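Heads up, there are several structures right after this.
Two complexes, one shared chain (chain A), two partners (chain B, chain C).
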Partner chain A sequence: MTQKRLYHNASLCNGCGICQLVCTLEHCRQWNHYQSRIKIVNDTERNAFYSVCCSHCEEAPCIMACLMNTIYKEPGSDITVRDLYHCIGCRACELACPFDAAVFDVIQEKVVNCDLCGGRPLCVEYCPNHALTYDYPEDQADKNRNQAASQKFGASLLEVFKFSGKEV
Partner chain B sequence: MRIIIIGNGAAGNQAAQTIQNRDPEAEITILGAESIPFYSACALPDYLAGWIKRDQLFLKSSLNRHRVEIRLGQAVEDIKPDRQAVTAGGELLFYDRLIIASGSRPVLPNIPGIGMPGNFVIKSVHDIDRILAHNPRRIVVIGSGNIGIEAAETLEYQGCKVSIIEMMPRIMPRLFDEFPAMLIRKILENHGIEIHTGEKAQEVIGNNRVEGLITDCREISCDAVIWAAGVRQNTELARAAGIEIGSLGGIKVDSQMKTSHPEIYACGDCVETSDLLTGKPALCLLWSCAKAQAEVAARNCLGEKIAYPGALKLVAEDAYGKPCMAAGLLEEELNKKELKIIEQETENTYHRILIENERIMGIQAVGSMEAMGPLLYLMKKMVAPSEIKRIINSPVLLKNMPWMLTIDKYLQ
Partner chain C sequence: MFGYAGKMLEVDLSTQNIKMRKLEPDFAKDYIGGIGFNARILYDEIPAGADPLGPENILVFSVGCLVGTPFPTASRMEVSAKSPLSNGFGSSNSGAFLGLRLKGAGYDGLIIKGQAQKPVYLLIEEDKVQIKEASFVWGRDAWESIDLLKARHYGAEVLLIGQAGENQVRFASIENGYYDGFGRTGMGAVMGSKKLKAVVIRGSKPIVPADPKGVLELSAKGQNLIKSASSYQAFCSYGTMNATIPYGGFNALSVHNYSRGTLPDWKQRAGRQIVDIYGSRHIACQSCIIACGHLAEITEGKYAGTLVKDMEITPTVSYSSNVGLSTEASIKSSELCQRYGIDMSSSGSVIAFAMELYQKGIINKDDVGYELAFGDDDAAFALLKDISLRQGIGDILAEGVKRAAEHWPGADDYAMHVKGVEIPMIDPRGRWSTWTLGILTNIRGGDHLRCRNPVEILRYNENLYYYQKERFGFKKPMYDRLDMPDDLKSAAIDLENDTVDIAVMSKWAEDLINLYNSVGICIRPPVMETIGPTILAELYTCMTGIPMNPDELMAGSERTWNLMKLFNLRHGEVADDSKFPRRFYRELQSGNIVDEDKVQAVLEQYWQVRGWNPGTGHPLPETEKRLGI
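Right, the complex of A and B next:
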């Protein structure tokens, strides 16, 4: 059974950071972005923004790394969740994560990851540019394909118009 | 299939879990020498400090108990490979596959006074219970490895006066290079832990109870000595059964975690595997290694052919709120000529990356662990730094791997 996932469209994102603020507000009751489960990294050279967030890997390295067996796959879905009562904050999972998506929560002194807000991600709701979407992987792949195809088609259409001398 | 697992630790339980996930019909027997259920040995210092309660040490297991028999307090007496059986509690138990996960035990040197009350090790829950019951106020910790530092820190947190004695010239000699070790030493000393390096414990003195420790330089009065000077593999059973023992003292296994005997596998602290980076034989006494090895051993037990890539030394430590981590090899273990060291120091953080032959061979960080996860992964996958640069410079590749941006500044 597939689960909906977070997707980030870098071409729409302007790096406002509202997603990080609402994430921290929802999970830590704080108005800053330091403990956000979703990270927005800035490519200063190209002035682009990308998001880093837990991708809920199929064979998650954090599950193997956990010293207290607190990380597990939610039964019935493929979401990686944590039992924070047993977490000792050793940060082994943070080191094991190849995507830098596990976040150390300095208030609880525990490591947390994106839990998709239980199926209704606030970052998606509050994204002003609709850069973040919450979708099934198949639908997202369809969208990407459509977008790529229409981009290519549009480019070739422009060529045709140029050739025929019409103004676009 | 009837599978017997010797050892009720991280490796034993992970092996049982993996077997049960893949073959729910397998009959598993876990034989544990300790009479308490499966607990996390890594959380013992937190329990010593009082940060977690005793019940939080015990880990929940999702094993189906209809198919798994866990016999606690039953040490295995011997293994009979020719009859495919083990004896435990006077009973003969037959197996199709045997997994040895017998673990390790702390090393105690043979010096006068070692048998007195007040000498402790940190290995099991009972050891911690004993330390808490003793209620020491002035403590000497021998050895400054991972366990020694954590024990010292937690006991200092409880209000004890703590001294650390280390035989080598710097603390954490097998984990950190000289400069990062010095940084950690400064952090510890600022919080009131005395550290004496280059000294060796000679004698424990006292009258029916520990009253002091004599090293080759000084005499320290104390009421408890904690021995954290390394561990030794439990290989007596395997040795008696004629299973080959490696040159470093662990049970010798191939990449499928199989011992010299075809039906017997081994995993966890007691084995000697190869190092991921160098391929040389290595001992790896870490929780994550034990779990990875157990998974490989269990899957091979059931007939899959999975290879274990090798053990990577990886330690994360918390020195008074400052996260420290070390992975891979040290400067002295690498070839001086081809070695390139990237060091970055700010007011609160220090990063050191060792690169040999276009391969990342060692990472050490003090103060911040940001972006170390992706870097470690690249180290495990043996990605060259030039390749990382290529990904960062290409917008198409970077779009799919944005975390590469965060590690860029550490590779400058």
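Right, the complex of A and C next:
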């Protein structure tokens, strides 16, 4: 079943970074620059802020790359979740992620991704300009993005998959 | 220690000695953060009579204690030193992402002492601090230097000086990244005198609040409060540009070195449509929900290709009205000022001063080397370059208007400054308000940013109350929601007669702004209107775990203000320094002059409200005792 996702509208974003602060405060109970599950990047060339966050890919490279099979789709939905108890922190999924959206949590020494705050994302609540929205995927944008990513990163992904011992 | 990073970094450039200074909880509670820390450190450690550009001066950067929370606008950081312009307490505030980064590197502040032998820059990577050689960026402008430094240190935040700071121009600024800066009171000259070109900061240590849930809840509450402010929507769309047209209408702009109050075509030069024409996207500082800064881009004409984040009232009034340049040239002037690393307000005033001297025949073409006239952008930019590089007449003007005026007989009448610091924006002859008294009472000299009525109304301009009062102009709901202690509120605001007592309100406004500078939030009107000590005290408690109530918070802010005043008095300030330039008292502007005696009466009343000696402006012993200085 398709679940709601985070969407970021670059034309409304001012780059204030409140989403990053609330994300780490919620998940880590402290502020730490590298532990935010969402990152806002200032692209000076294209003159826009864009967000880097787990987009819960349909055929997720991180799931394919995981050595311990700790990343999986939540039963009954299409959200990518992690079993951190069995995660060994090898960071293969971080390498595999075509969007650079997997975050290495320095406290737990494991890789984490956006868990959508269990269905009530705080970053969306706190975003002052409504640049972040929590909505159902209405169009094909996700699919196109996935295809483009696997075309672009396919070669390097294969290297990772070799170690995971999975059929691609 | 929760909330704070817990230590300050102390660097002695003379001996290359690097120390950590632990932050004591009592000190943190008494002085809160930001400007409070700066005031205490400077007061304790700079000897009387120290040369501002010598090795005895100390440059202190401190981050506000709420930086690192998602509370709206919590991003600010304060730099202080003995000012080379005023010889008193110099201080300047800036936002963007630098404060959070310094705190993330593990420091609440950065104390720079001594003087290096040759150009250096400071590299802070969490616990690893190095003093590195900076000859590859020395002599380059700020933007080039940032590119070079960022190429060496990926992902770092940079604060640095341009050529003006290197040449110790007395009103040089410290630049914070490309577009922001610590502008006023010549902090860049102090940094230049220490031969410190830049501070490069990297790091991502955690900032741990005592009660993260509480911080999140209060931040959401703060967002809702600020969004409910009457000026919020206007500020989101147009930033400080909103105020340009009312002040033009009041004849209260600084036009052509204060010889006039407004320009006939001011409505075409400034105002909201300028943002619509040149502005592209909004840029926020850390945690800001207002995002008043716009990127301004000029796509065609003489200055095509200029891209700056400055569609603000300060550069517009300094260059477009004071020097008289066209709008596009004033946008270009922002870029030049940021590249040279020079204060936009002061440099505009100095150029206008030189142009008026030229007009009056006090200086001539032989002195300058080219012709000067109001509105001539080529001449203005050539003079700006000369000042920044200290060439020709620029060497004299780089000393600021007060010192430059001593070079030419008769020039004194045109030097528009208070305590040596050039007055940037507003003419008290056009509008008398809490804001204009603030220019006089400001610790850092002729400046408009440390005293504003939190609910200033720009619809009326009535000067009927003999300087003691101004119009309140709002209804009871606004009065009720204003976060002030009740007794003070009824003393400051008279609802029946619809007036505000300027002396009482000045003290409150200064303490409030000082509190904002201590906790590290911004003084934009939507914030001033809605955020008071109550919510800040709650947030302070959640952030640091130190119990704090609103009265203690305001007392902390007042303590800092008194300490800065004592610093000024120790370094030679006298009661006569709190005077406007003679021009405001003598020369008519749209039919008005400022009445010297009445201004003096309000000032004395203000001193009394502050608990200072009404004759001399010295804090009384009982005031010092009450605040525990």
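Methods note: the second predicted complex is superposed on the first by the 135 of 168 C-alpha atoms of A that agree within 3 Å, B and C clash if a C-alpha of one lies under 4 Å from a C-alpha of the other, contacts with A are read in each partner's own complex, and residues count from 1 in each chain.
The rule we apply is simple: a contact is a pair of C-beta atoms (placed from the backbone, for glycine too) under 8 Å apart; a residue touches a chain by one contact, two chains touch by 3 or more.
Please read these numbers as outputs of a predicted model, since none were measured by experiment.
Visitor: In the superposed model on chain A, is it clash or fit for chain B and chain C?
Guide: Aligned on chain A, chain C fits beside chain B.
Visitor: Touch check for A:Trp31: first (chain B), second (chain C), both, or neither?
Guide: Once the two structures are laid over each other on A, A:Trp31 reaches chain C alone.
Visitor: May I ask you to decide whether A:Cys16 touches chain B, chain C, both, or neither, giving the answer as first, second, both or neither?
Guide: Second partner only, chain C.
Visitor: Taking the superposition on A as described, I'd like to know which of chain B and chain C A:Tyr126 touches: first, second, both or neither.
Guide: A:Tyr126 sits against chain C, while chain B stays out of touch.
Visitor: For A:Met64, using the defined touch cut-off, is the partner it touches chain B, chain C, both, or neither? Pick first, second, both or neither.
Guide: first
Visitor: So, does A:Ala48 touch the first partner chain B, the second partner chain C, both, or neither?
Guide: both
Visitor: Give me, in Å and rounded to a whole number, the least C-alpha distance separating chain B from chain C in the superposition.
Guide: 7
Visitor: Kindly list the residues of chain A that each of chain B and chain C touches, one partner per complex.
Guide: In chain A, residues 48 are touched by chain B and also by chain C.
Visitor: So in the complex, the part of chain B that touches chain A is made up of which residues?
Guide: These residues of chain B touch chain A: 40, 42-43, 46, 51-52, 56, 59-61, 287-288, 291-292, 295, 314, 316, 318, 323, 325, 327, 369-374, 376-377, 395, 398-399, 402-403, 405-406.
Visitor: Which positions of chain A touch chain C when the two form their complex?
Guide: Interface residues on the chain A side: 11, 14-18, 21-22, 25-26, 28-35, 47-48, 122, 125-126, 128-129.
Visitor: Using the touch definition up top, name the residues of chain A that touch chain B in the complex.
Guide: Residues in contact with chain B: 10, 41-43, 46, 48, 50-52, 64-65, 67-69, 85-86, 88-92, 94-102, 104.
Visitor: Which residues, counting only chain C, touch chain A once they are in their complex?
Guide: These residues of chain C touch chain A: 68-70, 72, 97, 104, 204-209, 212, 215-216, 219-220, 223, 227, 280-289, 291, 295.
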